[in-house]
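Heads up, the next two complexes both have chain A, just with different partners, chain B and then chain C.
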Partner chain A sequence: MTGSIVIYFSIMGMLAGTIGMILSKNIIKKILSLGIVETSINMMYTGISSRGGIIPPIVSGDFSLSYADPIPQAVIITGIVISFALLCLSLVLAIIIYNNYHTMDVETIERNFEREEE
Partner chain B sequence: MKVLGVIAAIAIFFVVLVSIDTDKSIADPVKAIVERTNVPNSVTAVYLETRLYDTVFEVIVFSITAIGVATLLGSLARAPHENQSVFHSVTVYSGGLAALSITLFLYVVLNGHVSPGGGFVGGVVLATGVVTYGLTSDFKRASSHYDRLRIKQLESASLLVIFALSTLIMLFPGMHSRLLASGTFGSTLSGGLIPILNILVGIKVYAGAWKMSGEFISRRGTL
Partner chain C sequence: MITLILIPVLGGIVCLAFKNRQRLCMTIALATTITNGIILPFQIFRVVEINVGEWGNLGIRLAIDDFAMPFLLSTFFVMLAITINSIRKQYDGFFYSLVLILFGTLNSIFLSRDLFNIFVTVELASIISFILISYEKKARQAWASLKYLLLSSLGLNLYLLGIGMVYMETGSFAMEGLNSVSTVASVLIFGGLAVKSGILLFSMWLPDAHSSAPIHVSPILSALIVKIDVYLSIRFVTFDSFLWLKDFYISIGLFSAIVGAYMALNSLNAKRLLAYSTMSQVGFMMVNCDKSSSWHGFSHAIFKTLLFLVVGNISYRLGTKKYDEWNGRLSKWEYTFLLIGSLAMIGFPLTSGCVTKEIIIHGSCCPWVRGGLYLASTATAVSFCRLIFLRPSKESTAMPVTHTLSYLLLTGVIFVHGILGFELYELEALIPVSVGILIYVLTKRYLKPLPNKIEKLDLSLIAYLLMITLSLGVALLAT
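Entry: the complex of A and B
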């Protein structure tokens, strides 16, 4: 029950983050929306792993308890580090873009870029 | 165009929302994993034994990102940072916090296979402690350990040893499962090569996280 609520809310978070990435014009806001999507995906995997039970899967000899599924958790523990690395790299690119164009607005950057091309 | 994107996003997530089966009962994998690896923490057992291939490539991605951040930020000018202190009690607290995070790193990494924790968590804990120390009291002193303790060489060496041990485990799975079965269930010294891999992954994640955060701080300047 708790797991399905978590899954539905995380799908809503993913949708909100994706729409934020599409609609916002500021690069930092786009990166923040990407962070929201990543966090929602982590939350969704946590919800998926709690479908069979919510006891942490650290066994002390008793196998009859309803443990949480360890495989989605093990997948997402690498995913958390990857999302940290991805955020770092995109922030570096944002800094370089700001140093070149002195703005974070995507449309202004696009106009400046087209002017440079001509 | 943007409206089209929003409509597409809503459509895709609506399909996901309708098609997902949240109450699907699954076979219990905990018993199989724990009996196979003889390690109590089944999450660590999954990502360092049964899905080791995945973890190796994850470590490669993390290293490449650390190199990319250092290279891309290397072309930018460094901000001047002098010795600054927020106020003196914070200096005392953050030193204690760094010491506490080093202790927690050792505990979490060494007991990663018997209690909650592991290499990834331990590395992030240590990096958080040291970055907090550097931001609040003395960034020069916090960053001097990177050269003094030869973290760069340690990082490269631990990456190489992770590759070597993982290749060994993937090539000779029978040997590693005999090693796993020989340990006592639940003791710190059990777990075959898993604790060693945990320590190395912890060092790797710490070095990468500190390198990335330190590059950001030295470009922007402290407070």
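Entry: the complex of A and C
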């Protein structure tokens, strides 16, 4: 029950993040929307692992309890690290772009590139 | 088998430790790559499968078979050529360490057999390629890299959603589970990885990233990073849940082959021309999506590396990427290698491009596909005629030994592959080549660059999401 609710909410969050990536014109906002997408996916894995129960999967000798599934939790730690690295890298790239053009607006930057090419 | 992954990664870590000593790092990079090449023949001719650790179905599974072999070979040759070619360029140790870690990561993608491990290795390869694209820290490179980053991480998040559904349905991340998953999960897995594939409309970040990357990075992007999805698609279509994909790939592959070649035809920048033709060649591979396409991936990696290295070094020497201005300024040797690469690209007999392209054209399912592929290879011939008909200069310019060595290595692979695989029916590849040359001579005045509005960030995002919706529709209709 809890698991399904978390999964549905995380998919909604992912859709919201995707729409934000398309609609916002500011690079930082785009990167933050990407962060929302990534966090939602990470949350979905927590939801997957809690479908069978929400007790932490530390063996106490009592097997009648409904433990959470440890595998998705274990693998998504890697996913969290990767999304952290991606966010850092994208902000670094945004800084490089800002230092050259002194703007964060996508359309202005792309117009600048077109002018350079001509 | 695990040595294929560990040796380059360890070499990369050693390079990172000594990153201020440029000569030492170069030697380490060269030694590691050659060691990998020595180990490779002992590994790739067996079919082996191992589980790392004692976790059974839940652990990391590595295996080697016929599909992976061409990709492992091409990774080795491309990395060797790039390392040799970059000796004169004074890169610091950080560059070599990134390249070596990327080498190990790519090997591990081609060996992995479980879905989550594929996610981790693909993300690692992507992160390294983002850093490599913006290595010279120019604004243009940073923008291309950021565009690639936003699209690619959105796609890989969709992939992660897909494999989460696979886990919910089957209870493990093993690849065998793909035989019995729902259609939505298969669409998400396909669509998520397709952003890296270089198929037209799925990955419109490609022309910018490939054309603005540094000289020795564009070949890695075009020859290896794009092949990740080609390899994974070839692997995935053998599973039952992906049966719809084979028919879908015929149409989008053909579309990408023809339109990509047409866009290449109209570009004035030599690196952009090569980038668009990458899209076209990926289309060629996707039409068949079996073992023949993995060998076309191998030959494409080799001749595209040769072309990108030659074009990059020429444009660095002459200071312009517009090939019109190269006329009469190329040295004889540069022109020779440019000619060999272009001939392999347009599928001239006795080169590797001809062998694999003809196998793909003859293996295609129905006459209209074959006709479309001939049309695409004619358009490729027209676009590469622009490089073939450049005039070399009379006076001789000295070329560095390292450049000659790496070009000779790649040329040797092209001709050995082309002559060993030669069959008489391949002579019919002369038809599109000669028609293409004829069309080029007639129409060369009328070719102008197309507007590249679709490559803008927002539009490429929208195009990508629309294509995923389209594939979802196709998949649901087919099952």
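Note that the second predicted complex is superposed on the first by the 118 of 118 C-alpha atoms of A that agree within 3 Å, B and C clash if a C-alpha of one lies under 4 Å from a C-alpha of the other, contacts with A are read in each partner's own complex, and residues count from 1 in each chain.
What we mean here is this: contacts are C-beta pairs under 8 Å (C-beta built on N, C-alpha and C of every residue); 3 or more make two chains touch, one makes a residue touch a chain.
Predicted model only: the values in this text are computed from it and were never measured.
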Inset, instruction - Return first, second, both or neither, reflecting whether A:Met14 touches chain B, chain C, both chains, or no partner chain. - result: both
Legend entry - Partner chain in contact with A:Ile71 - chain B first, chain C second, else both or neither: both
Inset, instruction - Tell me which partner A:Ile58 touches in the superposition: chain B (first), chain C (second), both or neither. - result: first
Inset, instruction - Applying the touch criterion given at the start, work out whether A:Ile109 contacts chain B, chain C, both or neither, answering first, second, both or neither. - result: second
Inset, instruction - Examine A:Ile80 and indicate which partner it touches, taking first as chain B and second as chain C; both and neither are also allowed. - result: first
Inset, instruction - Could you tell me if A:Val37 is touching chain B, chain C, both of them or neither one (first, second, both, neither)? - result: second
Inset, instruction - Give one of first, second, both or neither to describe whether A:Ser4 is in contact with chain B, with chain C, with both, or with none. - result: first
Inset, instruction - May I ask you to decide whether A:Ile97 touches chain B, chain C, both, or neither, giving the answer as first, second, both or neither? - result: second
Legend entry - Set intersection of chain A contacts, chain C complex versus chain B complex: 11, 14, 18, 22, 51, 71, 75, 78, 82, 85-86, 89, 93, 96, 99
Legend entry - List of chain C residues in touch with chain A within their complex: 58, 116, 119-120, 123-124, 127, 130-131, 134, 137, 139-140, 142-143, 145-146, 149-150, 153-154, 157, 160-161, 164, 167-168, 173, 456-458, 461-462, 465
Legend entry - Contact set on chain A toward chain C in their complex: 11, 14, 18, 21-22, 27, 30-31, 34, 37-38, 41, 44-45, 48, 51, 71-72, 75, 78-79, 82-83, 85-86, 89-90, 93-94, 96-97, 99-101, 106, 109-110, 113, 116
Legend entry - Partner chain A, residues of chain B touching it in the complex: 2, 5-6, 9-10, 13, 16-17, 20, 22-26, 28-31, 33-34, 40-47, 51, 54-55, 58, 61-62, 65-66, 68-69, 72-73, 76, 114-116, 118, 120-121, 124, 185-186, 205, 208-209, 212, 216, 219
Legend entry - Footprint of chain B on chain A - complex, ascending: 3-4, 7-8, 11, 14-15, 18-19, 22-23, 47, 51-52, 56-61, 63, 66-67, 69-71, 73-75, 77-78, 80-82, 84-86, 88-89, 91-93, 95-96, 99
